[in-house]
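Two complexes come next, and they have one chain in common, chain A, joined by chain B in the first and chain C in the second.
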Partner chain A sequence: MAKVADNINPLIYEKRSEREVTSTDRDEDVADDFDEREIFDMIRNINDPEHPLTLEDLRVVEEGNIIINNKENSVHVRFTPTIPHCSMATLIGLSIRVQLLRALPSRFKVTVTVSEGSHASEHAVNKQLADKERVAAALENNNLVQIINQCISTALAG
Partner chain B sequence: MAKLELTQSLTGHKGIVWNVSWHPLGNIFASCGEDKTIKLWHKEGEEWKVKAVLVDGHQRTIREVAWSPCGNLLASASFDATTAIWDKKSGQFECNATLEGHENEVKSVAWSPSGHLLATCGRDKSVWVWEVAGDDEYECAAVLNAHNQDVKKVAWHPSLDILASASYDNNVKMYKEDPNDNDWTCIATLQSHESTVWSLAFDKTGERLATCSDDNTVKIWKEYKPDNQEGVAMADRDAVWKCVCTLSGYHTRCIYDIAWCHKTGLIATACGDDIIRIFKETVDSDPNAPTFDLVSTKLDAHAQDVNCVKWNPTGNKELLSCSDDGSIKVWKLEE
Partner chain C sequence: MNSIWLHPELSDEIMKDEEIFNRTPSIILDIVAQKLDITKLVENMGKVLTNSEATNRLKGMRFFTKILKEMPKNYLTEIQVNFISKFYIDRLKDHHSIIPAVLDGYSAIIEMVNYKMENCGEFLVALFREVSCQSQVRQDRYNIYLIIKTLMEKNLDYMKNLGPDFVYGVISAIEGERDPRNLMFLFNFLPHFISNIPLGHLNDEMFDVVSCYYPIDFYPSSDDPAAVTRQDLAKALAPCLCATPSFGEQCLILLIEKLDSSLRLAKIDSLHLLRETCATFKPESYAPFLKTLWASIHRELTNKSDDELRMAAHEALSSLVKNISVTVNTDQAFENFVKGIIISMQTAIAEATTLAQFTQATRVLLTTANASKESCIIVTNSMIPATIAYYSFNNTPKLQHAAIEFLGDMYDIAKYWKATQELASQLDEIPQLCLTAVSQTSKEFQIAGLKTLIRVLPVLKSDLIVPFVEVLIHNVKHAQDNDLLSVSVEAVHAIAMKYPEEIMSLVLKGKCDLEHLTEDKVGLDKRLNLLCNLASIDEFTKIIVEEMLTIITKNKDDADKVVKALSASISNTSLYSQEKVTQIESDYGLVDSVIIWLLKEIADTTAPESLAHGYSLVATTISNLPEAKQIAILDKHTQNILERCKEDEVYFLMLESLYNSLHQSVHNSSFHEVMMLALNLSLRSEQEIIRSTACILIAHFLNKAEYGAKFEVLYETLKTYLSSCNKENIDSMCVRLISLYGWITKALILRGSDMFLFWLQKIMVALLNPECCSEGAKAIKLILSYSPDCLTDKQHCRISLLYRQRMFQTFAQLTEKLSNMDKRVKEAYLLSWAYILEKAPKSVLNSEAFKIAPLVIESLEHDHQDLLLVMVDILCHIIQSNQVVIAGSLQTILPRLVKLSTYVKSMDVRIKSLQCLYEIANVYSTTLLLPHKQDMLLDLAPSLDDKKRLVRNMAVRARTRWYLIGAPGEAKEN
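Up next is the complex of A and B:
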């Protein structure tokens, strides 16, 4: 039995253009801190768990919802589920978290939350995603890790 | 200003080190973590070295280790839903009993001061009290379902069989056995934190409790007994616990652990901002509204979140810490 997606017919948005390489990017003498666009590029191609579409296509993640502070080693990503009762919200947040944990240096503190007002259980989802002990326990669940790996497998391919 | 001096940095675990525990004599400690092993450390000359590695006791992360008050037994709580009891009757540490019953991750384990009771708690929202029934035999004396979320930590009163637990539901609960029917019941709910309570520590008298939380605060609670001079009202209870002090504005992220030294009275905290902080009660502190000074801040104590802090039980101001960065550090507070 195929599970019916929570949101059967989601809106699909236009993709952002590729990042343009600037002259300072090639300059070895210029310190090259992480920026919002770079974080966005790490997560934009994560697959939605239910649709053959990326989180960017569905506008679940947007560059404008990412805050990075290199000095304080903090990254905050807010994501927007396509519908307020999305049962996949925790899984999507977990995929974003896992992708950033793997892609960023360990000095970064990653916070992933749902955008304010975008989900019915916003507080519960945020609390669960912030609890590193529960995240660590979830990541020892092989079935769950397989699903997450499928979601993020194409994340850096785009 | 006191200073936390690093004595030694220990590596050997792979991945997160979740917890460290001093042997009651303060000359050995155990550590555990994501790599499913327990390491026992002792001092060779001036250096802490691995004395033994305990493997194959658990299938998943080992979240916490705890020595029995006699120092002969070590308990380990694991995400694999079991608690293992290790002893060295054969000369080497071996797992000779496994406590099963929790539905999923066991988050914490603690021995009562007498060593006759053991408490565990976990993700299934329950707290279990186990009775040591004999050699390698443990009987479940109570399953307490007072919390309505994941229970993070259990800790016993330093001299009485009173148990405290901290939870994802933001509350702290206390339990006692009713001498009339031998039933364990919840005798107090400590409500004030605004997010997950990660850890708790009694002071040496057991009349005060320190708690730390995801709301970035530390709270100090005081027990008021019936007919107390302060006039704190009792509602048909043995005692009420009141929050008498909140330390806010010091921690910038979640506080994962707190340790209250029974010899020196110093409080140490382990924080998600990689910092270890030490607090000391002020000299003229009012018992009903105590004040604490931040006497030491160790920035970048670890490269990642600090998960646990433990004072050496001998009171020599030696402190252990461990972290997501995979290291264990031994510190000495110089005042």
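Up next is the complex of A and C:
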């Protein structure tokens, strides 16, 4: 029997509708900057490692918790685990990081942190996610990469 | 001739020589020809049949069985059959190795015409006593089942009287059967057996024997060519378990137990079984279990991720409610059950925070209401007030919209069960709520309210009309949003159908006063649109159309707006039927008035756009008229307009609007003149629009003319005219000629005529000439494109179904031998292919992928936007259907697509090529893709920073997909 999920019956929230394509989006001459919604669209469909639900369904990631600065080339994503002692927080953070590394141009510096006060060991998780070498080491681990890839691969379907 | 079977030596022969088995047909012939008596034959076989060696007796029985099987079924007499039957029954006691031959032979005896059922009792007794069914091989077990089945088919009443011993025998015979094919046979046969043979005290035993298979857990071996699947078995087993009402209690206990299992398949099977049981079991059987059943079904209904399970639960619930609803008058249980459902769902609705949760709960209620009239009444009675209250409590707009829609759904179900009378007091509340919603300022509320209002219109009371009309007319006049506008117009239309008089006084004499219609210029378009819509209702037609025609004939300023509104409404076939248009035309002379107006306006050189509405109004009206009326109109106006055409070619547009929508059989003396005029203008007019209109008219003529004299004359006219033109040989005419050829080809291929080939070849000549190759490509595009204004069935043209496929085939043949093309020609050539492939059916693309792929790959190198767009799209399609052709040329394709992913001129090309790259990663096997992975990841990086967001989105999909190639966690089989 597999390990029982930390949060067996999570609250499910409303999905946002797809981004509407505006006439400026179709205009060849206008350059579109990266915005919060675009980053959100990249990570909203990542699967939760425990449930067949997306991070958006569980409101782990929200558009309001994303900060992007096009001039300084920085992206900051804060995510909110569903419960304060969620053991998957690091894994979720890692998935978000990996997805953004693959999906954003290399000029951006990506920071992923737990929202303030939403997790018991917030500091430790943030430290792990900020440590480049630990992230790189984690990505050498085949089992871990497999889980992350499974979480991310559903993001493509959307 | 002295055959061996006429002598006792036959026995020795059977023992010695297998060859004799092949000669049974001759024996049969001798028996039938009465050269040999069957008793004599048996006597001759005596030695072998009673031999002390079991193997020899087996040979004898096999031989005898073979003869019986080949014997004509009606030859043996009753006494003979009885005798042989007795003999065979006796043989059942013999050595076990002989049993197969005995069973085989007895199934042949049963088939005989003179077989008496009385024999079978004895046979079955001996069979069940002497033969242990499950220790036989598969085929023999099958034969035993088959014998029982055949006997039941032969005389059911006799079998019913055999009593418990027979039932017991059958139960012990089938107990422990494990072969899937035999089980399939049994499961198909047993429902018949169980429901017809009285089981008596063996009821429980029978159920146990069948239920031990439930739920089916079986996987066919992979090398079985005609495997029995789990689905087949599960589907066949369910009817056995509920074949008789007396299984009720046990069956329900069983299925409740399995519903609570953690196995998904067990749950699905149980829900399907529950649905099946509802057809046979009596409502009383369910009474003790209703609470438990609802608890289990409820759990599956709220399943978040498994749709199949949820659907099965809905079906089961629906059948259950339907089954027990017959007890509504005798028992409280049904009402309690439905109320239980309502209470749990009300809780769910109250707690719902998302639309998905809300619809999940309401869907359960709708399923319940949909199951029977009784449940519908209970559900609607309590849910309508509850939903109305919910609407006012809740303040999440999305949920409120859903609540309004839910009311509409409930009304539809009540209407379906014809329960609107009983529920009148509840249903009457719905329009009031719609009014509340419609009075909101938000567009979404208004749309939701109006949509439900249109559904529940029959219960709209007259006192609500005034407020509704107030809001609706305001919308019609001032709404900026198209959705809201059209739904408002639709609502007014719906109300007008029910309350014509009220709308007449409120709208036509009040808000949109007809007599002063044009005094207020604000929103005139929108009011006209509403009025034209209303005019399709009989009560309104006269007053509105007359007023409009007066405006057209008298009021110069606003006439064009009226014409535009009329033209838009009349072409909407769901509003205006053919009969209605014909009636309007004959009562009010619509065409005449419009033509008079047009003539006046042309003289005044009004803007071409407003004239165009006039032309299309004339054309649509004419297309709706019967033939005689069409001819009458032509006769009345043709000469006049033809005269004017001689002075100014603008009048030709009017002529075309008269002639382009005629029926195929309509013909008159002016056709020749009109055709000549059209030909002349199509090549010589200086105005683009007149040239193309002339071409369209020529195409219509060619397409519609009946084969035979009429068509010949037309075709000759065309050819003579063109050959006279060729002599003049003017350069500027070349382009126009090619376009005319295009139209001619289109008209002919659409009617399925082979003559199109001649004209297509002319286009091919142009296509291969560097001077005018692009014109050739344009002509090809024209042939394949669809336009709602020309060559449609609404305009009574002939349209053969597969013309695009035919075009594909023909073009492929014509271009087969081409080689060495000039660069310009090559591009036009590929472009023509692009137009053809774009419209060709997808099935053709799949079957011809080998031919198409090289063209597509070559096109990727040409810097031509239209060409690239189509070709990359087709490439995408070919990849999606996983064609091997592409797999072989990935080395060529990938770099070309990467290059196109930064194509500056068009973002669509960039998006499409990135999509192709995504599809490639998705479809082809890892071994093929892995060598390219690292290059692709680098090559895709620049697109992530594309200046257009839509391109970036696709680049993200493609790149993240390529990352997964060959990586752990990729969900791909190869």
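In this section, the second predicted complex is superposed on the first by the 158 of 158 C-alpha atoms of A that agree within 3 Å, B and C clash if a C-alpha of one lies under 4 Å from a C-alpha of the other, contacts with A are read in each partner's own complex, and residues count from 1 in each chain.
One rule holds in what follows: contacts are C-beta pairs under 8 Å (C-beta built on N, C-alpha and C of every residue); 3 or more make two chains touch, one makes a residue touch a chain.
If you're wondering where the values come from, they're calculated on a predicted model, not measured in any experiment.
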Which superposed partner A:I12 touches (first chain B, second chain C, both, neither): second
Superposed model, chain A: greater residue contact from chain B or chain C: C
Contacts of A:K109 with chain B and chain C, given as first, second, both or neither: first
Touching partner for A:V77 - first (chain B), second (chain C), both, neither: neither
Which superposed partner A:I39 touches (first chain B, second chain C, both, neither): neither
Touching partner for A:I147 - first (chain B), second (chain C), both, neither: second
Contacts of A:L91 with chain B and chain C, given as first, second, both or neither: neither
Contacts of A:D131 with chain B and chain C, given as first, second, both or neither: first
Chain B/chain C common contact set on chain A: 106-107
Parts of chain A lying in touch with chain C, wherever the complex brings them together: 11-14, 21, 25-26, 28, 31-32, 38, 41-42, 52-53, 99, 102-107, 142-143, 145-150, 152-153, 155-156
Touching residues (chain side chain A, partner chain B) in the complex: 106-107, 109, 127, 130-134, 136-137, 140
Chain B - residues contacting chain A, complex: 16, 34, 60-61, 63, 79, 104-105, 107, 123, 150, 152, 168, 195-196, 214, 253-254, 272, 303-305, 324-325
In the complex with chain A, residue positions of chain C that touch it: 304-305, 353-357, 398, 906-907, 941, 944-945, 947-950, 952-953, 956-957, 959-961, 963-964, 967-971
